């Protein structure tokens, strides 16, 4: 029961944190909320029997990827002065139509979810099993993912480098 | 993995090796001609390997992720040839844009690899990966440094919207997976029938989301909004790539998914597709009507063209018309590839000297007929092909589409095709008319490789329009194998 | 711990959907490009979560493998996205997405 | 001689081709030689053929086939000529009068720069007219029929620099075209029911197909009459003829007096066997004739233009011919046709001489006292007018008298027809001598040039002779027409009829020569002025047609000049553009909008898929 | 082989002319002229051949002068199937001849890019020849569309002030209607394949198909609209005045002279034989459309001040006769329709050439600014008079024979429609004469100093004049040539001769 309570608590945390992440004016604050949300997700992953995923969520998502964001925020020096601008940017009226859309979509999904009643298997799937499958049937996926990361690397390198070159020229 | 499996993967392996070699070469010697030559050579090699594999084909799965069959190889060949021509056309364009252009070709090859993956994929994992490989390479290509603000804006829009659509699609896949317990197309196909407890609603919502994602990539209405801006902002060769290779790969996997899983049995899905196709044709054509930017015009027209393609796609829902419809879509896609590459190729050639923003204003093309008759001739051929006028492959393509529609008795869609073609004619002809106007000469440099590539594309287009029999035989054999 | 939770899968999917929709809302409403990119991450994370739940339902590894693949996709996307963001900030002098609306019609 | 028949129309045709193709590059002398020579040749052959035909023991009609024109789908029509008394008499008139008028014109038109064009048209006309009368089938007849219409058009508008002439020419063509169309429809009807257009065959087939008085035969006859009234300027299509006087005077003489306008008469006479089967159609013809002759006569009384007076008198005289045809007096009708050709040609040529000498002055009230100065013209007019008025012993007398008597004898309406004819005769003599007295007597108002040479006087003299003696012979048409039972010449009518013209001449003498009777009280009274105006405008026919047909047609076409149908297509195009403008506003360039639209699409698709929304 | 040779010569000639412009400005037109002459020489021997090739068409034996059949796209049973009979032969000859006229009429008019101009001209001819000879439905459609492109370019490049609008309209009308036909063709072929099991586009296999009546009815409309737009009949005629007015002279000549005829040819060759039952059902509608076209076209022609526009609307009027004739569908009317096609080809081509010549000289087409041209150019005036007279249906000239036979034939089918059509004879006279008067008659203007027709122009005009006279005076050879074609078409549409549509009693 404790685990079940833990699950719903984490779920609530994740939801609340995500809402804050999207609504905060201060980017750094938003980022912190996002990281909290990701950590809560990691807890949930662990609870439902995916410990490897939980670890990766923390290491890569909350760790590596979010740190990238932090770097950028630092680089651009986006601190509190941005708040006023954000306030200007976010007029309340802008929320109305997208919210309605999302609510309708939610209604549709809830309608869908209410039709079924399935339980999780409650089986723990450890890193070993994942590893075996990953390099078994999914071996080509790993290869392609490597090319994908290569593409991301080349792309990011290029876009970023150009920026640095320009910055150097200007200074 | 057995040797035969590896052998079947020869095209992908070849391309990957080329990518790696190219990376090394760039690391040691930055030389655009060399890079371009290597890419083109590599693509040719890949093309050869595709035909090689196709020659004595033992169709089968290579891991659950990929399948090598005539269908996959046909689309691979298409995608690789498309990339090949785009490489050639891009060369002169890139030369004018100074240093650091080498990686562009690397990205191009990576994206091509993504396209081939899509053509082979028979599993959602490979599907998603191929899609993203294509997408991520494209983001970088669109905003490739040394382009103006427009390319940046285009890349931004494409990145964000594409990511949203990917996420939507992934969520849909997750929903489907949640009820069917498999990500492989073939297993899904069998589960859909075997599992008595499957939940229809999950599958429908899931496929709705997948379809939305795919529609975005194919820029179908109402997921088309990004298309004109991105087409306009992206460098012309990239636009060509975006419009052809990316769409071709996605269409390949869509068609394979639908035929494998036989989603055609869901009438609601077909009716959704019906509206998408109908709106795409009408909206695309109407929006293109008075555009003064050629690239925007071509963007809108591509919306409509894919709408035509969807007519054939929907036609496959009739059992009797399935083979014809698949043939039709394949042939139409071939024609569309050639035509679109040709059209953007001309824009590329026109824009060689203007490094800030591509020469896509209609007024820039005034009098082209008299200053650069050959170039104008190429462009006119492309326009006529888009309009589906005989002597070009576009005509056979449209003929095929209509045949498929007739066979499956999609009268309403056919009527829309007629209306759409009517509107379409207007703006295609407007381009030709503009080129025939008298105006003072504005000099255009034409790179030799680009010129020859354009000539080859045009020639192919006309040959396909006049003597399409060999290709039709090929396409129909592939379709027969798939059905 | 060898036994995992047995909760209705629908609950998990509902959570994933809510996260997904919040992310979607963020993309549609926010003007700051960084926040939009973050919202994209939220959406992708929601997808991951959905896969995890689905995998847990079937007791298969596929859910987690898809999670990892999406993770790599997210990483690549963010890398390119942030690179682009830097360019945008430099060229437009702002992170306002609405600045990037020169092309229209 | 039948070998040469084809030359009769061919000779003038060759003349036309020669003159037309050289386009005025020939010297005038040569032009005159070609123009007149071709007609002479034709006339000579007509003489030969006529002699041969008439001096036969038992003149039998024969067909000269030139070649097969069309043989298609059961419709056979050849170019073949039919020679009988009727066609011969027509040919005599055409070539004879035509030759005289050609000779006359060679002098009259000498100063015209388009001398060659004039003769080419005239030759073409003669050729077409000969085809018309020679044709053995209705289609070939129609060729000549339209051909003469064309020449009429060309010659009325001969001086085309003046737009008024062009308008007159067009009017002539279009109005007759209306009749021609009716005639064409008649031909279609005949072909539909009888399967042939051969005139002789029609007569036979009709007799075997239809009863006398059958509705179909009446309809066919009436449609043919439609053609006839157009060409012959009878009610209701007579309005073109007075305007046609815009052409050169020899043209008026040849085409609009002697030959072409009598084509309608010829048509009806040629198809008399058909008409005999339809008493109703005959009655219509007679009625048209009598009404027209009266209307035109009244109008002629009020005209001041010398040529228009003659034009109206032509209409009136053709009315007599129609009357004759309508009452079955075929031979009399053709007889009058011939005599009319002589004296009307004479009158026109005389008028031409007057006009020639007076520098194209047409108004009779500006002439006067020309008796001594233009003696030839004067005598021409005296003789011509006498014949026109049907004074005894002139040619007109014989023909008109016969018509009136036949009309009187004809059925229940006979007296009415006679009455109309008699009144017309009275008016004819009054207006013709009004003309003579005003133009040739009284005081001189202008000084004429010296009369033209013998080239012009010669034909006048010959025509004078013909106008007098032309009536002394009978036309050789007894073999053509059914024998008319002998008219009983007894009774009062036979004595009254010849007297009427004399009375008329006397009245004219009193009014216009002696000025004993003043018509001023009448002309100056309100009613009189209205009446005169009404008559002068030819019973307001032109006005009526203008209001009923011409103006509405012009207005409707002017309104629809830009094609109302096109408006629909342009609207479609504009509407599409409107939609385009509307939909481009959705492309705001803002990413948020795009994302929102995308999500909307997603929502709708899912709604359709889960069946919340009907597809 | 002659047909392929013919088309090949025209295509190659076009390319040669285009290439030649690089070296010399004068060569293209000489090459073009030479090509046309060669084409003419290729066609001439065909007149000597008697029909020898027998082929079953809808269950009946038909005879053809020539036939060529090669596989093209086997997947769909599409062949290079060319066949030539009397009707095609006549139309092909007309095409070549008017091509000759068009080249002559454009001799001095095109100062630049004359090579490309001649290229388009010859390719249009090639397309039209293809249309007239191909009997594979796909091939037919192929040529049907192909001939439009060079024509579009002719108008769009060398047209007059409003060429953009005109060329666009021309293309849109013909293309959209063409697409309808394509759909109809495909439906016909595929439905036929469903029944017989083989896909074929061959005319010989498709005539006499056993499709249900409802379907045939709809398919017939697809063909009908495409052909009627080209014809053009009311209410699809509005592209024509614009296209004709804006086109350069040579293009006007070709448009009016032969492109319009392809519509009529299509009706005779395809619509009626393929869908005899459906044709009977709409015969009245079609004839009424024809009659409306006749009168409506004439009324609009009357109201125009632009000379070319007037001639264009007169074409609408004249082609209305063809429509009436075809749908009266008895031999008289059909022969009349064919005759009208040829004669209209001559007379209208000549009038357009005249209009072009005038525009070339005084730089306007506005008739209110002309007047009195006869005075300046008597030769041209005389020639113009001839063709005006011809176009208003003067007996003795070809147009009369055509119109007369059409009306004669139609009269047995529907008297009211024939009467309406016959009114066209009157309205026709009205506009034709007013044109003559406005342009050539009336007061001349001084100091205009215009050049009269020279030998080159007369060389084009005189053959047409002779042609019209010949057709009017001795039309029998044409009848004899076309007769076997028409009667075989009759036989196959109506196996029972007593049930001929509108047969004579």
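We just call them A, B, C, D and E in the order they show up, numbering each chain from 1.
We take it that a contact is a pair of C-beta atoms (placed from the backbone, for glycine too) under 8 Å apart; a residue touches a chain by one contact, two chains touch by 3 or more.
What you are looking at is a predicted structure, and each value in this text was computed from that prediction instead of being measured.
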Inquiry  = Under the document's definition of touching, what chains do subunit A and subunit C have as common neighbours?
reply    = B, D
Message = Among the chains here, which has the CA centroid at the largest distance from subunit A's centroid?
response = D
Query = Relative to subunit C, which chain has the most distant C-alpha mean position?
reply = D
Note = Using only protein Cα atoms, the chain sitting most centrally is E
Query = In whole angstrom, how far does the Cα centroid of subunit B sit from the Cα centroid of subunit C?
reply = 26
Request  = List the centre-to-centre spacing of subunit B and subunit D in whole Å, with centres computed as mean CA coordinates.
outcome  = 77
Query = Measuring from the mean C-alpha position of subunit C to the mean C-alpha position of subunit E, what distance in angstrom results?
reply = 65
Query = In whole angstrom, what separates the CA-based centres of subunit A and subunit D?
reply = 101
Task = Send over the residues of subunit B in touch with two or more other chains.
result = 125, 129, 132, 136, 139-140, 143, 156-157, 160, 164, 168, 175, 178, 201, 205, 228-229
Ask   = Out of subunit E, which residues touch more than one other chain, so two or more?
value = none
Remark   = Multi-partner residues in subunit D (2 or more other chains touched) are 584, 587, 589, 591-592, 595-596, 599-600, 602, 606, 610
Ask   = Which chains touch which?
value = A-B, A-C, A-D, B-C, B-D, B-E, C-D, D-E
Note = subunit B residues touching subunit E in their complex are 369-370, 373, 384, 387, 389-391, 395, 399, 402-403, 406-407, 414, 417-418, 421-422, 425-426, 429-430, 432-433, 436, 467-469, 472-473, 476
Inquiry  = Applying the document's contact rule, which stretches of subunit E touch subunit D when the two form their complex?
reply    = 169, 234-235, 237-238, 241, 299-300, 302-304, 330-332, 335, 372, 374-375, 378-379, 382, 385, 389, 394-396, 400-401, 404-405, 407-409, 411-412, 418-419, 422-423, 425-426, 429-430, 433-434, 437, 440-444, 473-476, 479, 483, 504-505
Inquiry  = Give the list of subunit D residues in touch with subunit E in this complex.
reply    = 20, 23-24, 67-75, 139, 142-143, 145-147, 150, 153-154, 157, 160-163, 166-167, 169-170, 173-174, 177-178, 180-181, 184-185, 187-189, 191-192, 553, 556-558, 560-561, 563, 565-566, 568-569
Key: subunit B-facing residues of subunit E, complex   = 71-76, 113, 116, 138, 141-142, 145-146, 148-149, 152-153, 156-157, 164, 167-168, 171-172, 175-176, 179-180, 182-183, 186-187, 190
Subunit D to subunit C touching residues, read off their complex = 584, 587-592, 595-596, 599
